[in-house]
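Each of the next two complexes has subunit A plus one other chain: subunit B in the first, subunit C in the second.
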Partner chain A sequence: MIPETMLSSFRDALGQALLDDKAIERTEGTVAPQSVYDVWITVERDAFHRTIAHLCANFEPHLSVISGDDLGDTLALNYHFSVGWGERYGEITFTVRTSVPKNDLRIPTITDLLPGAQTSEREKQEFYGITVEGIPDGRNLFLPEDMTIHPWRLDLEDETSESVKRLVKWETRDE
Partner chain B sequence: MALPRSFKRALWVFHVATGSCNGCDIEIVAALTPRYDVERFGIMLTGTPRHADVLLITGPVTRPMLPRLKRIYEQTPDPKAVIVVGSCGCTGGVFYESYNTVGPIDEVIPVDVYVPGCPARPEAIIDGVVKAVTKLETLEKSGVGG
Partner chain C sequence: MNNESINLSIGNETTTCYNVPIGPVHPALKEPIRFEFKLSGERIVGVDIKPGFAHRGIEYMGMRRNLIQTLYLSERICGICSISHPLAFTQAVENAAGIEVPPRAKYIRTIIGELERIHSHLLWAGVGAHELGFDSLLHVTWNVREKCMDLLEQLTGNRVDYAIPIFGGVRRDIPAEKAHLAYEAIDYYRDLLEKMLDLYLRDKSVEMRTQNVGVLSYEDAVALCAAGPTTRASGVKKDVRQDMPYLAYADMDLHAITPADYGKEAVGDVFDNIVVRLLEVAQAVDIIEFCLENMPEGELTSIPKVPALLAALQKAEGEGIGRHEAPRGEVFHYVRLEAGREEPVVWKVKAPTYSNLMGWVPKFMGDEIADVPIIAASIDPCMCCMDRVHVVDDAGNESVRAKQDLIKLSREKTRRICG
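Up next is the complex of A and B:
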């Protein structure tokens, strides 16, 4: 998969909603050099679902994982995909990044396109306190249902550490 | 899949996880279990780098793993081949720009074979190991570590 093909396809499909794109190339070997690529695109939240729909319709992605970055005023969500399986050196990592403001923590679900995304979406809900709109099953996956704080948020540090201490105490009560 | 005619011994592989999410490690285990069964080619995991011909490395190299990875590389006898499995080790992947990683792996130790993928498929891992066999034979011919 040549990243330039992917990027031009997304530029055409998204227009102004595509805020940034880059393809990081790493060349390997000295006798017969081969390149592998990491492709990152940043899109507006309003165009996020459209971006994933475009990806699913054209490139047969495999969702590796969803990760997040607490950047202070905003929460950046990175959706890491693996695209182009089946040809030697054809597989590239494709990441869709979108920023969500802290005062309006909402993101549409992509489980209508990729049902397997639900596990990672549930994890983001409980650890970042973001609302994934339209998720079929939004229960907590790892944390207790009555846990009110979100451990990966940096702005809740004192509250988080207190709560984690309480949880550890509760879990080790029989030891 | 045909191995080269000159392939004359079993290949002992040491698996190093340098902070991966375990996705690639599970795929390596899948390559060892009966479905793919790499032991039929004489490829097997060993418990110590001192017995290994090949290092199979996953993950983006976290800071605590840096001295350990270098030490494992130095403990492996020559001739040896290094295979990187997964996008994290090849390019940084999911952990690109993270504050707590020093990878990708080729910035720490020399790498012979790259297997991209997130996670890399077992077929791709087996293909990578077979490539490493070729590399080892070239090294042996040139007398490295002989």
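Up next is the complex of A and C:
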């Protein structure tokens, strides 16, 4: 997969909604070095779902995982895909990034396009307190159902560390 | 069992559906996870999966420790994948910080990674045999696995948690005087392959228990983003080592193993999972031999002194992705570093079972309750890799109360079940 082909396809499809794009080239192999690429695009939240729709319609993506990055006023979500698998040196990593304001933590689900995204979307809900709109199964995945804290949110750090202290106390208790 | 759940109408008959919970702790499961099956007779018509019982908060911990401490923490995400996570993590950090890795270090990382694949697949094959009730085969398989564990101990000093990769290289060499040990192991496993294929794939009872059981179709494997041997058994030619080569894999001609390599059409059943994993053992042996024969001379690491390495990491700014094809599938690490901060600002870990979790549902559907152990085992699940946070909600008095509530609920349930 050539990153430039992908990027121009997204530039055409998204126009102004594509805020940033870059392709990072690395070289692998000591005998006959070849290039591999990590591609990153940043899109507006409003255009996020159609970005993924464009990705799924034109390239057969595999979603590795969604990572989150608490930036203070906003929460950045990185959807890490890989595209072009099946042949040697055929694959590039393709990350779609979008920012969600902390006072309006909502993102549309992509499970209608890629059902395998559900595990990672559920995890983001419980760890960041974000609402994934339209998720078929929005229950907590790893954390208990009655858990109220969101451990990866930096603004809720006090509550989380309090919970960690209670956990340590509970685990080291003398029974 | 309780039959308060749902009534299914099939044709003119009405069948009662039973809910059968299995886990979190159950003899058929090697690690804690809870399945809630809906059964119509012996047939599975629905399943709900609840992971999270082995959560330890490793990402949270890692984001509060310096990168070298986090490296050793990543090694302890899982005992079986104890090189896979560090390999992905070091690559993520090296990509973020722009640290070069000497060629010899890449080859050493690859050798240890492939030795791990051999022992992990043999461990899985043994578990599979045990789940089928074929315990003599379990003992044979785990006996031959010891050769690999011994070799790992001789090369690295440890049977698990080898502590080999460091940012910018490796911590230990494989000197020429130890290479013969690896060659011995290569010969040992080469001689063994035909016997293993015979025991697993040409045995009538194994065939009957595994063929067309726990099927994951090609379409489901792609749509559910499954990874590793689980997806390759369904005929999806997806393998990071082939698709986006790294380390020494970039120097060798390597292809993703599917059942087609055994001259068989991919069905995606448990049998195909055995085929793929056994052939990958043979492939790993070839890779190790390639690495030993073509190992470049040179440095082991680009920044040998730990204080210098820490200082370089503290200055680094950027983000990076690290991927490694672990025995169970793709391990993915995302790291973001900020200058002046010695810990990773963001660290996200994705283990293969995380990807394969949803693939379990179509695998279970329509099969019998007695097939649950082998289907559950077929993706080679690793809960401690997938679950990384353990939180107990409340301590002190409240915790005691919660416990009493549980006991009360449990007693009520016993009364209800006994009528």
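Everything that follows uses one rule, which is that the second predicted complex is superposed on the first by the 160 of 175 C-alpha atoms of A that agree within 3 Å, B and C clash if a C-alpha of one lies under 4 Å from a C-alpha of the other, contacts with A are read in each partner's own complex, and residues count from 1 in each chain.
Note that in this section a residue touches a chain if its C-beta (ideal position, glycine included) is under 8 Å from a C-beta of that chain, and two chains touch if they have at least 3 such contacts.
From a predicted model like this one, the values you see are computed outputs, not experimental measurements.
Peer 1: After the match on subunit A, would you call subunit B and subunit C a fit or a clash?
Peer 2: Once subunit A is superposed (C-alpha atoms), there is a clash between subunit B and subunit C.
Peer 1: Of the two partner chains, subunit B (first) and subunit C (second), which one does A:26 touch, if any: first, second, both, or neither?
Peer 2: Both partners.
Peer 1: Is A:116 touching the first partner subunit B, the second partner subunit C, both, or neither of them?
Peer 2: A:116 sits against subunit C, while subunit B stays out of touch.
Peer 1: Mind working out whether A:89 is in touch with subunit B, subunit C, both or neither, as first, second, both or neither?
Peer 2: both
Peer 1: State whether A:166 touches subunit B only (first), subunit C only (second), both chains, or neither.
Peer 2: second
Peer 1: Does subunit A have more residues touched by subunit B or by subunit C?
Peer 2: Touching more residues of subunit A than the other partner does is C.
Peer 1: Thinking of the overlay built on chain A, is A:59 touched by subunit B (first), by subunit C (second), by both, or by neither?
Peer 2: After superposing on A, A:59 lies clear of both subunit B and subunit C.
Peer 1: If you stack the two complexes on chain A, which partner ends up touching A:38: first (subunit B), second (subunit C), both, or neither?
Peer 2: both
Peer 1: Out of 9-17, 45-53 or 99-107, where does subunit C collide with subunit B after the chain A superposition?
Peer 2: For subunit C, the clashing option is 99-107.
Peer 1: Shared contact residues on subunit A, subunit B side and subunit C side combined as an intersection?
Peer 2: Subunit A residues touching both partners: 26, 28, 34, 36, 38, 62, 64-65, 67, 78, 80, 82, 85, 88-89, 91-93, 95.
Peer 1: Help me check something: in the complex, which residues belonging to subunit A touch subunit C?
Peer 2: Residue positions touching the partner: 26, 28-34, 36, 38, 60, 62-65, 67-69, 78, 80, 82, 84-93, 95, 114-120, 140-144, 146-147, 151-152, 160, 163-164, 166-167, 169-171, 173.
Peer 1: Spell out the part of subunit C that touches subunit A in their complex, as residue ranges.
Peer 2: Residues of subunit C touching subunit A: 51-52, 55, 57, 59-60, 95, 103, 106, 222-227, 236-238, 240, 242-246, 248, 250-251, 253-256, 296, 320-321, 323, 330, 332, 334, 336, 345-346, 348, 350, 354-355, 357-358, 387-396, 399.
Peer 1: Using the touch definition from the top, list the residues of subunit B that touch subunit A in their complex.
Peer 2: Residue positions touching the partner: 21, 23, 87, 90-94, 96, 104, 106, 111, 114, 116-119, 121, 124, 127.
Peer 1: Please name which positions on subunit A make contact with subunit B in the complex.
Peer 2: 24, 26, 28, 34, 36-38, 40, 62, 64-65, 67, 78, 80, 82, 85, 88-89, 91-93, 95
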